[in-house]
Each structure stands twice: as C-alpha cells, then as structure tokens.
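Shared between the two complexes below is subunit A, which pairs with subunit B and subunit C, respectively.
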Partner chain A sequence: MALVSGPGRGGMDSMPAEMRLFVDKHVRYIQSLDSRKDELEYWLTEHLRLNGLYWGLTALHLLGHPDALPRHELLEFVFSCLHENGGFGAAPGHDAHMLYTVSGVQILATLDAFDELEKRVPGGRMKTGQYIADLQDPETGTFAGDEWGERDTRFLYGALNALSLMGLLHLVNVDKAVDHIQTCANFDGGYGTSPGAESHSGQIFTCLAALSIAGRLDLVEQDKLGAWLSERQLKNGGLNGRPEKKEDVCYSWWVATSLAMLKKLHWIDGAKLTAFILQCQDPELGGLADRPGDMVDVFHTVFGIAGLSLLQYPGLAEVDPVYCMPRAVTARCLSRQW
Partner chain B sequence: MASHGVSRVIGTNIRSAEVRQKEIEQIAAYKNLVDLVNTKITERKYTIEVLGLVTKLLNENPEYYTIWNHRRRVLGGLFDVPPTGGSPTQTPHGEELINGELQLTFALLRKFPKCYWIWNHRNWVLRKGESLSDTEAARKLWSGELQLIGKMLHADSRNFHAWSYRREVVAYLERTPASISSSTSPILSQSLAESEYEYTTKMIKTNLSNFSAWHSRAKLIPRLLNERGADNAARKQLLDSELALICTAINTDPFDQSIWYYHQFLMSTLSPECSRQNQIVLGLSNMDRQKYYAHEIEYIHEIIEDEADCKWIYVALLHLATSYLEIDGGTNAFTTVDMRSWLEQLKRLDPLRRGRWAELGSSLNI
Partner chain C sequence: MEPDERDVSSSDLQDQAYDALSEFFSVHEDEVVEIEILPPAIQPTDGLLMMDGLNVGVPKKILVLAYVKARQLFFASIQVDGTSLQALDASRVMLLFDPEHITVANFRKRRILNIKAEAPGQFIQVVIRELVFINSILTSPLHRQSKSPTLWHHRAWLLGMLIPIKLIDASGEQLLAFARAELDAVLKSGEWHPKNYYAWQYARRLLTRVESLYANDSDHAWKASYHEFLATCASLIRAWCCLNPSDISGWTFLSFLLPRLNSLTSRRRIVQQVLDYAINLQAKQESLWVFLRTVLADSILGHERDALIQLLHNFQKERAGAVRDVSPENCVMQADTWIKSYSKELAESRSSQTLPNPSRS
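Up next, the complex of A and B:
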C-alpha cells in the first residue's frame, strides 16, 4: 500500500479556500449518479454505463472512500454486462466491445473480484482474455474494438491494460503491438490514432502506457515528446490536447500522466495545474467539469482527481499513471501468481 | 456523462413539475423505441421498416454503438435480398441503400462531427459499397468522400476524425486504379501525394496556425520527392522553398507554436541521425548542415529586434545551437554567452516550464 503521505482531510480544512478539494461533495455526487433515472440524460448515456462505473469507482478509491458504492450491486451489474464470448457490453443488452471489456476488467481488479468471476463463469478470466486477444490483427499487431473492425491505438492500449491485470499478456503478440505503435510515431515525438495521424495527447497517453506495459519506453523520443507535452500547459495552468487548442481537465490527466511516465512531470507548473483542476469543481453539488463554470460529469471528475493524485494533492490515494487506477490495486494484480 | 463546454447554470437541478412530467414522457417514448428496436433485432426482422426505426433512434442518440451494429445487421439482411421489381413494398437496391446510408451519416456528422461511431459506420458503408458495385462505381463513391471531408474541414479545420478519414479515402483511391478509357492513354499515376500536398498549402494559406495541415505536409514530403524521382538539386529547391514559406509564417505570427513545430521538422531532416527515407536533401556534408543552421540562427536572431518577448525564438535558437555543436561546428555562429542569454530569456518568459529550462541548462552545461 503506497498512500501519498499528507495531512489528510483535517489538513485540507486549513487550506486556503481556493485550494480546497470538496471530497464529501464529490463522493455524494458519484453516489447520486445511479439515482437519476428520471433524467433523460441518464438513458441517453446508457452506452457509457460500465465506463461510468469504472470512472466513479476509481474516483472514490482515490478520494479515500472505496466503499461508497455497494460492492454486491456493482458486481451484479458488471456481470450482467458479460457476454457468452467473454466480452463486456456497456450495459445489459449492449454489444460486447473492447472499451467496455477493459472497464469490466478494471472494475473487477479494483474490487478484487476475479475469483467471483470464476465462480459465476468457470474459466471466465481466460474467456475474457481470449475475447481481447482475438481482436488483435495478426498482420499489423494493432487491435480492433469489436467484430466490426474499427482499429485505433486506444484499443491496443486497452488490450494490454486488461490482459496484464489478468496475468494474460502471453495471449497476444506484444512485440507486434509495439511495432505497430512505432508506426504511429510522428516527427514531434508524439503518436496518433493510426499510422500517419496527427499527434494527440489522448493517443500519446495510450501509446506511452502500452509501451510501459510492454517494458519498451526506451523506444520513445523522450526529450522531444516531453517538450511537446510540456507545451500543452497554458497560462491559466490548464492543459490542452494539441497545439492551439483550449485547456480541458481530461487532458490534465492524459498529458500530466504521460509526462509522469517519462519522469518529466516537473517540466510543467504543478501548482498552477492543481489550482486549475480545483477551479473546475462544482463546490455546491460536487463533481468536476472540463473547465471552470461548466457542467460536471463523472468522466472529468475521475480524470481531475487522478490528475490531483499525480500532483500529490494531500490526502489522495496514489494513482498508477499507466492504468489510471489506484496504485495499491495495480500492485496487487501485477504481483499476483495466477 | 462526458460533456464539453456546457455552462453550469445554478438551479438547473430544480425543475418545475411540468418540466419533470415532460421529461418522464420523453424517457418513456425513448425507452419504448429502444425496446422495439431490440425486439425486432432479436426476431431478426431485417426489413426496411426496422431500418426506419433504427434511423429514428440513431437521430436521437448517435452514440448508442449497439444500435449502429444493429443497423449493419439489418443492412446485411437487406443486401442479401434480391430486388423485387414492381411490387409497392419494393426492397431497395444495394446502391440506393448505400446512398441512403451516406446521406444519413452526412446529416449526423454535421451535427456530431466528433462522434467516432458515425465515422466508423460511414467507413463500413463505403467498404460495403466497394464489394457490391463495380470498380468504377466504387471509385466514384470514394471520390465523393473528398468533398464531404472538404466541407467538414471547412467547418473545423482541426477535426482529427476528418483528417484521418481523408487519409483513408486517399489511400483507397490510390490503391484502386482509375479505369482507362482508351488503350492509348498513358497509365495515370495513382498517387495523390501531389494534390494532397497542394491541399495542405491551401489550408495553411487560409490559416497559418493549422497544425493538422502542417503535420500532413510533413508526412507527404518524403513520398512526394520519391515519386517525383527528384534529384538532389530538386530536393534542395524544395527544402529552400519550404524554409522560405515557414520563415514568412514565423514573421507573420512568431507566437504560433504550430509554425515552430514545422520549422523543427524541417531542421530535423538535416540531422545526421535522420533516416534516409525521411531526408529531404540527401548526402549532406557537415559543412552543408552548418550553413543551414547558421543561416537559420541568423534569420531567427533578427526577429528578436521586433519580438524580444517571444519565447519560441529562444527555443529555436537553442535547438539550432545544439544541432550546430553536435556536428562539431565550432562556435563561429554564436558563443556560449549567447546560449546562456537565450536560456535566461526562456526562464524569464516561460516560468511555467522552469523545470524544463533548468534541466536544459545543466544538460547543455552552460
């Protein structure tokens, strides 16, 4: 267990008002998300339900409230999204897809519930691993999102993320996947969605994290990429995703964690970034938004809080830059003898 | 669940009874439609009527990826049915279906230009069209895509979905030969590198700070040179004209980082470490390199007079100086004192990245 040392919540109360993280409000906001069934938005976002659970659960763990959502109900929901082929859909009745399969695995990892998966579906872990592995393109090494074939470095990262958490990396050709990432590299040191595509911070995160899992960060043009990433910070402290774009809290995660993987987080102003993220809180009802004064959502809430954890904001659990999960969880999974 | 740029209005959580009632009705209607579509798909009712229901649902929620999958299931069924001529409930023909899909996705993309699933479906439709029609018709279909992308990029010149899609369409057109009307006409080059290069010129001229266009341009240049079979004189000419273009751009707006990245790209092609396939001019000697670096240092140094507070100038100067020193160029073009003063300027102008500048100082040992 590697919690960042800090004064904890008692210490936070003595902080200047603008530096305060409204932990209890955020916890209540996340707890309230599933009780909004009388809002049309709840139904229109059903295709993100399993991602949403992963975002909310991770945020709660980082906030130090790991039990704020009922474990049993969470697991019931996760298993209700599991398909016969081992893949997960976004919600019951939604098709299996890499994006939700990764969230499903991440939730099971966080709840330490792989054994429960085995109880429900004998050989379930292997089935899920195989579902992911079958999406690898044997020619290029990249991964498709599902049977319909869209390919993107997001799916490649997701595959390595979930497989490594389950101790099943050997099911895929990691070297080929690494080769594919290299074909997505650009002159600025960054990476795009596919060969030839422009560098984009989200995609840089996925490629760096995948290379970290593969143990091949040595292939990265670290100084060049670090320089490009550090230029994402704008005067107001926030980070953007590409040159000449606006700042956004979700990029505070993708850019900052990429810098952290390159051990160059000190190349940007951490205090200013912290202040920017804190300004994106809704101090009344909890949650974080993309920019100060905007509508909050659980996606920006987790990435904002994960960013704060990376910046060692006092009282938060340590986040793993590669997985966007609590370090304690990834340490447990990655050291497990299956 | 992931919203961007929507203002938070205080008190939106308090809804009047009337508003709540209306929302409850909307939810019921939406859920009914979802249930109806799901039932029809479970029953494998792959009909034109179900396709209509799917359209209605996707118009309400284009992010619902499973419904896009359902749509492809229905279409798959419809493509398999031979056209039934004459009868009033005529099943449309493959080509009509394809055109309908293109229209639907076009309308949705105008409203949701960043929705992955719509781009994805459009791509699937074109591939399907390719397998259903002859080469000529398929090629016509794909050529039409360049116009769509033109419109999308006109609305948002940085939309990376549109740029990615453009690359895919170009790749398709390049690998599918245009039919040759008479046997005497020469076999046309299938590469679109020249016209794509021109397209980036057009985009850059409209807006210098379009990094997506500069990026594309950088990717196209090595190919272009190969295809032109350019000799070294032609290669040198191209490098010089790119440098002239970027220097004008720097002069126009030295605070725009996209321009400096392109300058950095051009400089990186000079490096002894640049792979042969990425080189613009081949077989450079260190003397040639020095000349280029010194020329750029001199040119950029001149801008300081007008724009002493532009940090990018000092970033570039330090980059160039480092490259110059790496090829053992001596210090004729600048001194260590110069380098130290550039670094001081960076520390002064750019405190956000002070950690980076401190590290640069110690790695350069100045």
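Up next, the complex of A and C:
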C-alpha cells in the first residue's frame, strides 16, 4: 500500500521519452482498423465488431480526438446491428446479446445519437430498454445474456450501465440486482460471476460499478477488497487479474478503477503503473498491447488509455470510473430529462 | 464486403481446407478427438491436415482458410433454411476457430431443440454427439478454445438435457459416473489452459445441479453414494491442486467443495494435507497460500481450524527466525497476518461434527 497517484502535470511535450504517450499514432491506429476489411483478422473478430467500435470510439474521445471516426458511418453500422426486439448483435446478421446491446447503447450515448435512434425506430430507446429489462431473472435479480440463459454479473452491470444512460433504470428491480451482487461477495473480499464463483478483477469491477450505479457501495467490505486488489500489482508495475497471473494492461483499468471507486487508488503505485502502461505502446504503429512487446489490439488500447486517464496522465479527457466512457458523456446522459 | 474470391487458387485451397476438416469431424462424430494447431515449421504431407487416428494437426493457415469458407456457407445457408444441414456442418469449423461466435453456438442449440420437438427418436443421440463435439474442442490442447465462456456455457446448457438422460437408470450410477467424467474433462481442460475460469465455473454449475437433485424429493438409489462421491472429488481435486499449486482456479474450486463435505473432520483432513505439503516443500506459490489463508480464516472447519492455524503460525515464526524473511512478499507471513485480521467468528457450540448443507450467508 502506498505512494503516489501519478506523474507530474507538465504538458505532454515536456515528458521524457519513456513517459510519452504517442497520441497521434494511436489515433491513426484506431482509424485504420476499419480499413482492414481485406485482412483476415477483420473477419475473424466479427463476433465482437460492435464491442470493438465502442472500444475504439472511447479511446479516441479520451485521447482528445472525438471526431476521428466518421459519425455517419459509425451510426449506420450500429443501426445495422439492431434487431426487431431492441437488442443489438455484434455485426449484421449476428444474434442479439446483452454484451453487444450495451456497447450499442454506449456508442449512441457517446455520439449523442438517441434522437437519431428514435427517428430510425420510433420508440427505439424504450424497445432497447425493454430488451435489456426482460433479461432480468425475477427470482434472483441477476441478468441473463440472452434467451439462452447464461447468467453472469457482467450482464447485470451491463444492464444497469445501459439503462441508466438511457434514463430507464426504473424498468428493472435494482434492489434485487443489488441483493444478487451481495450473494456474489466472496469471503476473500472479491466477487465472481455468480454466487460462490472465483474472485476475478473483471467481475469485481462489474459488481462495484453496478453497486455504484445503484448507490450502494456501502455494502462492500472495502478494506478487505482493497487489500485483495492492491495485491494485483507486480514488481514490474503492471497489474494482474488474479493471483499468479501475468500482468496485463487491461487490468490497469479493471483493478485501478475498482480501487478508485473504493477511494483507494493510492493503495497501488500509480507512477509505476503509468510507466508500465506506456511501455505497452507500439511507438511505430500505434495501439497498446497486453504487455510490452506483444501485438496491439483495440481492446488493450482503450483500457490502457482509460487507466492513464484515471491516473491523471496529462492531456487526456476525464474517464468515468463506473462506465469507462468520457465523463463529459456520462454527465450529459445522466442529467438528461428524457 | 466479402473476402476476395478472385484468387482462384486461394478459393480452391479454402474449399479443400474446409472439406478436409469437415470430413474429419463427420467421420468421428461419435468419438472425442484431439485437435492441435501445428506450428509453421510442421507441414502435413498433403498440405492440409496431419491425421493420426483420433488426433488431427491443423496448420493455422489451413484453419483460417477453412473458417472463411465455413463462414460463407453458414450465413448463406441459414438465409435459405434455418435448420440447414450444411450450416450445421459449417458450424463445427466455425466454433473450432472462433469459439466466441454465439450466433453459431445458438444455431446449434436451436437445432437440438428442434429435434427434440420434431424428431424425438433422434434426440438422445444428437445430444450425446453434441457433448462429444464440445468436449473435443474444450479438452484439446487449444489455448484459447479451452477457456471459451461461450463453449463452457453451451456445455452447461446441454447439461439440462443430459442429466435427465443419465437419470433414466434408476440406480443413478450413470448420473454420478457422468458427473465424474465431466469433472475429468474440466481437469483436462484446466491443464491445457491454467487458471481456466470458465471450466471451473462449469464444474461449480455441475455440482450445484447434482446438489439440488440430491436435495429434491425423489427417491433415487444414487443418493446413497452422493457423499462418498463428494469425498472422492475432494481428494481428487486436492491431489490435482498439489500438482498444479499455482492454479488459483483449482484451489478456489477446492474451497467451494470443502463446505459440501458433511463432516468437519474430513474437511480438516484435506486442508491439513495441503498445509503439510506447503510446509514440507517450503511452497511459495501465492495461490496455494491464498487458499490456505481463506479457508483457515473462514468458519468451514469449525474449531478444527485452531490446530492448523497454530501450525501455520509456528511455521511462520520458525521461518522469520531462521531465514529472517520478513519481506512483504513472504507469503507465509502474509497468510498468517490475513488470518489474524479476517478470522470469522465461530458459533459458540462445538457440538456438531456433521453440518447441514452450506447456506449463503
């Protein structure tokens, strides 16, 4: 436990080489992803295309380049994933699922495009809200991912995230969802996908963020969980997701923001973490990888940058610790009169 | 936009790759096979697959080409016919390469439900073949596939159909033998992909289902063997964990099992075996010590935990004295401290040796 919260506040230009964030490279990397349709990689990640758009768009916003992707094309793609029932699939022709629906809503929120949704599909926002709400298990309070019934606290968090952004939280039983999260609290301090499941940083994030949306962080054993989370930092400054796993830049988000929500971000060494994240950059081609030297992808890019924003790396837009979206966007949505 | 098909030779190779892989699956649809992705240095003589009985080695490039073809076939076929057999064949290759493709997994589920409704005579065979197919992917040495949340959930969904089939035999020997076989699959998958979150999550789902069957009103002979079955599982898992001491998922599953053993003494015995192992081997694996500290601070051993906590404490003092290792990385010291900080209060009564099934508190 201890130490600093982050590097100094000097402008990015005054940063020593090893502390530089290659903003322009990352922007170009994200912009290039869509133009790789001839590459096999593009087809092989079809099952998460809509997630990928959310990751890329969010990274661009945090990097201060919100308009780097063509809005119209983004929206066309998002709407092409929309099903009759209000759910979104990963790509056109793919089945609807909570995971892609949440990304769809987050993209629309970021682009401030709910009015466009209503124009396309009258009552569209409500339809999507109802699709999500219908996935709540009335008995246990948790959420399924789709009609096939897999239950996971990730889906519960996704539901509260998307519904709150659309002003539709009242469509679900939030108290029951909170009760369910309680049953997922493990004796070691962590949380898992369901009652009795293994503690995992990603699941911890989803449970804390859901509790935060519900205003019930008071229910958490904060010291015990804070201790478990602070054990995620390794000698190289990076964070892992569970005991004895390797460091991975995406945990710079899941773990750091969990600590931030508990007001214990200072329980890890922020300077060391910042240095680690920066080493995950590809300074030539842009993008971030899971750890230094590996191949980059847009998933690790957004979570590395979000982690830097949380650690107050200069020049980045403020990230919302609960939503992993620009704070400016969530503030706008959450205060909107629908 | 579709992948470029103007390159004829590439398109031919796509067809050949797809046909070879699809044929392999068809020929072995009743047997669990082992699939490996070959490193670039090893090339099959026919340029496609290296086959040896139930084993097949696929070069990555061939798998990718097969996938591109399968994808075209799948989406084209389901436009025309939602239950297309061609789509079904293609779905195997697709899930092999991209196990997170829920649209394809859902298609296979829908087909199974369709058969249940329209051709019930075929239902059992179809369900069993589905388990064989899923098992082949999940227990093969495929790093990404063996941890797939989509495929492990697909398996859990299949359980809903498999369990009634296994219960048909009233003595239920089939049920417990089946559960054991499923657990063996989890262990195998856990070996290909260490700390395999969703495999072990499946194991919890499996046991929870068996537990609720046990608790229901029906009067099956298998219930007499249930506790012995749990005890055997606990032994098996404890042994596996000691062979894989860095595997936090294995250890976590052991701590899931422990409260389900119906005697405090048998629980304590298992934990003592682990503690003895840790002390004798001077084990330093963080996961092992996280298991020990959690289980010893919890109430699941009742007062039988006291002797073990003392043992751990003595060991820690010995090490601090002899080795002078008081660094924060000293996992023994950390465990000792954690137990002191977070020990759960025990109920006053020391009487029960046998506790009812654990309730979530």
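Methods note: the second predicted complex is superposed on the first by the 328 of 338 C-alpha atoms of A that agree within 3 Å, B and C clash if a C-alpha of one lies under 4 Å from a C-alpha of the other, contacts with A are read in each partner's own complex, and residues count from 1 in each chain.
Note that in this section contacts are C-beta pairs under 8 Å (C-beta built on N, C-alpha and C of every residue); 3 or more make two chains touch, one makes a residue touch a chain.
What you see is a predicted model; the values in this text were computed from it and never measured.
Asker: Once the shared chain is lined up, is A:Thr183 touching subunit B (first), subunit C (second), both, or neither of them?
Answerer: Second partner only.
Asker: Check whether A:Thr274 is in contact with subunit B, with subunit C, with both or with neither, and answer first, second, both or neither.
Answerer: Neither: A:Thr274 stays clear of subunit B and subunit C.
Asker: Which partner reaches more residues of subunit A, subunit B or subunit C?
Answerer: Partner with more touched residues of subunit A: B.
Asker: After lining up the shared chain so the two structures overlap, which partner does A:Gly52 touch, if you call subunit B first and subunit C second: first, second, both or neither?
Answerer: first
Asker: Go through the superposed model and pick first if A:Val298 touches only subunit B, second if only subunit C, both, or neither.
Answerer: Once the two structures are laid over each other on A, A:Val298 reaches subunit B alone.
Asker: So, does A:Ala289 touch the first partner subunit B, the second partner subunit C, both, or neither?
Answerer: first
Asker: Once the complexes are superposed, what residues of subunit A are shared between the subunit B interface and the subunit C interface?
Answerer: 38, 40, 43-44, 46-48, 89-90, 93-95, 97, 146, 148-150, 187-188, 192-194, 196-200, 242-245
Asker: For the complex, which residues does subunit A have touching subunit B?
Answerer: Of all residues in subunit A, those touching subunit B are 38-41, 43-48, 51-52, 89-90, 93-95, 97, 146, 148-150, 186-188, 192-194, 196-200, 226-228, 230-231, 233, 235, 237, 242-245, 248, 250, 264, 266-269, 272, 282, 284-285, 289-291, 293-300.
Asker: Applying the document's contact rule, which stretches of subunit C touch subunit A when the two form their complex?
Answerer: Counting only subunit C, the residues touching subunit A are 1, 3-4, 64, 67-68, 71, 75, 97-98, 100-103, 106, 109, 149, 153, 156-157, 195, 197, 200-201, 204, 208, 246, 248-249, 252-253, 256, 285-287, 290, 294, 297-298, 342, 344, 360.
Asker: Can you list the subunit B residues touching subunit A in their complex?
Answerer: The touching residues are 1-8, 10, 13, 20, 23-24, 26-27, 30-31, 38, 60-61, 63-66, 69, 72, 116, 120, 123-124, 158, 160, 163-164, 167, 209, 211-212, 215-216, 218-219, 256-258, 261, 264-265, 268, 278, 351-356, 359.
Asker: Once bound in the complex, which stretches of subunit A touch subunit C?
Answerer: Result: residues 37-38, 40, 43-44, 46-48, 89-90, 93-95, 97, 146, 148-150, 152, 183, 187-188, 192-200, 224, 242-245 of subunit A touch subunit C.
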